[in-house]
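Going by the order they are written in, the chains are A, B, C, D and E; count residues from 1 in each one.
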């Protein structure tokens, strides 16, 4: 099963999996796009003084972290139909499930980041007359970003690979194509090629975070 | 697919999945048992002044984090056969793959923990005549544990669910049983029950970490 | 038998590898016992040969590696014959055969294959049905080919109406339909795929063991044992 | 007419009374120095006036505007948000630990609030900021980030930042106690400058020398209470209360034993 | 016979020479105080003697044992590990930030090294520790954790911890400069006690008063060099070098202006 492939076959395979990367990257970027702001909202909700809001958020995070994403995808996709006969697009379902899931993980990271910024800065900003939202967006958030980069990089790297779960409800991304080819060709080479694709994605993400860290290196965390 | 089940069937299902929890828990605890010390070694290696050691460790972590665990399991299980005709037990292979994988993730957490302990303490211990290993085990490690508890809890919670990947090479744990029942009974109820099992495991882990945090609350991080 | 040194006289274990979630060939019942058509045949065969049967669940994705490394003696799992598979494995004669059909909702407006033009058809990822559909002329005329990891999700989605039919083997579909009391409409296919011819597959070159199993299968057939087992599972004789 | 009046203010942390019936008032242009042992409630008092903590009894009146509207079931009800915000704006605060915003340049640290709160345009805000930096003697640092400055320089920036919103009263909570001895002088110089301009200020400090030099009035606090109040000559030069004398002796002893090296 | 000799030591950080041909020696029972501006290399010198940094030129001799065995291609080769460890044990160090171990109780902070390094049994170690705590005036804190202590108390614990391994020489790097003014006195008192016992000590400090009171000899450093050396009367009372005078004037000015409040 590790027999030689000729170069043409390999190129073909790379082209095929490359075509699946479109979907993989769409899932990846759309999840980031929505999960980050949603995660911030959840983080703020969990920090809220309103006990009901904080309690609901806590339950939500527990449920999300406590159950496999695979189940969450199935619920998001089939739940609305069984509850009220609503169906919708499978790709939308994947994005919703991924956003709900990653937002919970991001939220915990954001919360740690927000809480690690010295209270004194908030107080100083307050005595300067700044409003809560102004303090959050112009004083805390920019610093939170710097603090959470390492933790976020872990989650984002995990996301690159988790995209493969999309195939559960029939969204064909790169890894599904690789599995199909592996099964047709009776070979694990397609899976190895998929591994290389992931490795490249992971490398790019690592590099991007590295760049971001460098860019934010102009000031020191106090 | 959501048709009613009677209580007997449900009990039967719970009993069945419960029996699979044995394997799940074995994988879980054995992974923790080996991945934690191995992770510490990797963390120290990556912090090492020897550039070759640090370089190899870096590559190792990149490879592990950059590729799906699923592929790693396949390589660990079949690799030795293709390289030198050695076969071995599938359960052992799962433990090895999980340990290799989680050790890399744990290592990054440990390293952050170790590096966050004020250098001054190491220096103070050194001027008191303590040896490197004494400093590590009696000064740094106990504090590292406190610092990394939140990050570790995330990884350990993820491990509870990742155990389900063992079925890739035919190790039947709880989730594999649930999926099989789902396909036999043609119902997603077994998957929901599996979700509840995971939720319980996650709850126990969360509680355990909470207890540990409380226990280490007797001193403040400086 | 069992392991690589397949023919030591004392070790009479015969290890068959299968995906234990593939009804009705091999799957887990509510008591978690692996049962099914293939299991019954393998049992009968081992009884005849005086071997001890060991049923090893494997991951379908890794079946070649499993057999190559000698963890299992054969794949026995409703294993449909294809030219590629014939090339990669040493296989027995066909012992069961079935055709692939469209399974759709009872109230579907589709009556024949041509009605599925432009519609969404589901297959299992990496299955023969997928390969056949992608290769066939008809496959180019359908709206979308949706791949699922398992038939459970595919059939659930059929119910929600997001796909129009599942293209699967008659055996699997009929089994689900009868055992779960579903009222699927079954529509014949033509010009898409050859009938599935299920065989037992051995490591390439392991003809010795293959011949032994082949001969025993033929004897079982002659004795009417295969017919008996097939009728138990399908109500008809699908063995060849 | 007093610009600030603190009326019988009390404050509890859980069961502990950390401010106990504190009353005083401040005239425009007056400089008040508060001294007292660690834990006597000096910071808490400043934080209550600056709305960083809530009071449990009494009232605080800034520019004839009451902070507490009414008392319901023994609980003080604060004024509406907009009124509180206006009162907050007329108070500027300088913290012991500077609390500069590390991700903003020195100039941005100063212009942030004027631009977002007072809606000044960037040009005006930067002009004002630059004038303040000149006054603080750090005009050449405006593009640097806080982490590159010494503690003394950071504290001067934080004073400039507080001045930029043009507060009526400036509060300083131990502005020099996080500084190396070598750097204290430069901050004290700036404070003296402000004193010369007759700005209204309330300063909590351990620098008895500063109190003597610039205070119009000195308050000595102990265990949440104001024990003694008067001119520096009265409170420091000739304290009436035993507790005040004890407190001052401790300082004098240290300074006599390790006095200046001339 | 000198207990410590520093011979023509130089040290670079990258290209920057932070110690420049530093030589001095210390007799048993002598108390040496090092003063100098920020960045003049005082801490680096102490860190080199305590093996926390490596030197690039010269040698350090503790109790007749050389730290550098030989010089190869212009690079100093350090002695074998066991010899270095012995030398390290004869030096105790007190840091500006105390550097207590936060997860250990006060008693454990002190007994940890004696038990693991000197192999004392727990009982002996605790006995010695308790005696030291009594000496430091904090015998009632032994079961508490560092975070519950004030800075002054923490520093006294760290002095006790350093004494517990019975070093021949004690080094202190600005032992009071992280402390609130109120708390400095209690640490200075402990240092004076040690001075009375005629312990060999090297103290880096900004407290000129302390230097005058307890030093047998004072060294003034500037830009990595020893500029002036002598008795406190000589160096502080009557400095010969212009740089020393400038440095001292700065302190005196501040202390005159905000001098003691008597």
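What we mean here is this: contacts are C-beta pairs under 8 Å (C-beta built on N, C-alpha and C of every residue); 3 or more make two chains touch, one makes a residue touch a chain.
Remember, it's a predicted structure, so these values are computed and weren't measured experimentally.
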{"item": "Chain separated most widely from chain E, comparing mean CA positions", "value": "C"}
{"item": "Maximum centroid distance from chain D, chain identifier (CA atoms)", "value": "C"}
{"item": "Highest-count interface - the chain pair sharing the most C-beta contacts", "value": "D-E"}
{"item": "Approximate Å spacing (C-alpha centroids) for the pair chain A, chain C", "value": "37"}
{"item": "Rounded Å distance, chain A centre to chain E centre (Cα mean)", "value": "52"}
{"item": "Whole-Å gap between the CA centroids of chain C and chain D", "value": "82"}
{"item": "Separation of mean Cα positions, chain E and chain B [Å, integer]", "value": "46"}
{"item": "Chain C, residues touching no fewer than two other chains", "value": "61-62, 65, 68, 156, 159"}
{"item": "Shared interface positions of chain B, touching two or more other chains", "value": "1, 74, 78, 188"}
{"item": "Residues of chain D touching at least two other chains", "value": "none"}
{"item": "Interchain pairs in contact, sorted by label", "value": "A-B, A-C, A-D, B-C, B-E, D-E"}
{"item": "Touching residues (chain side chain E, partner chain D) in the complex", "value": "37-38, 177, 180-182, 184-185, 188, 206-213, 236-237, 248, 250-262"}
{"item": "Residues on chain A engaged by chain D in the complex (per definition of touch)", "value": "118, 120-121, 123-130, 134, 138-139, 142-143, 146, 216, 218-222"}
{"item": "Chain D to chain A touching residues, read off their complex", "value": "50-52, 85, 88-89, 91-93, 95, 97, 99-103, 112-113, 116-118, 145-147, 158, 161-162, 165"}
{"item": "In the complex with chain C, residue positions of chain B that touch it", "value": "1, 9, 12-13, 16, 19, 74, 77-78, 81, 87, 90, 167-170, 172, 176-177, 179-186, 188"}
{"item": "Contact footprint of chain A on chain C as seen in their complex", "value": "60-62, 64-65, 68, 84-85, 88, 122, 125-127, 130-131, 146-149, 153-154, 156-157, 159-163"}
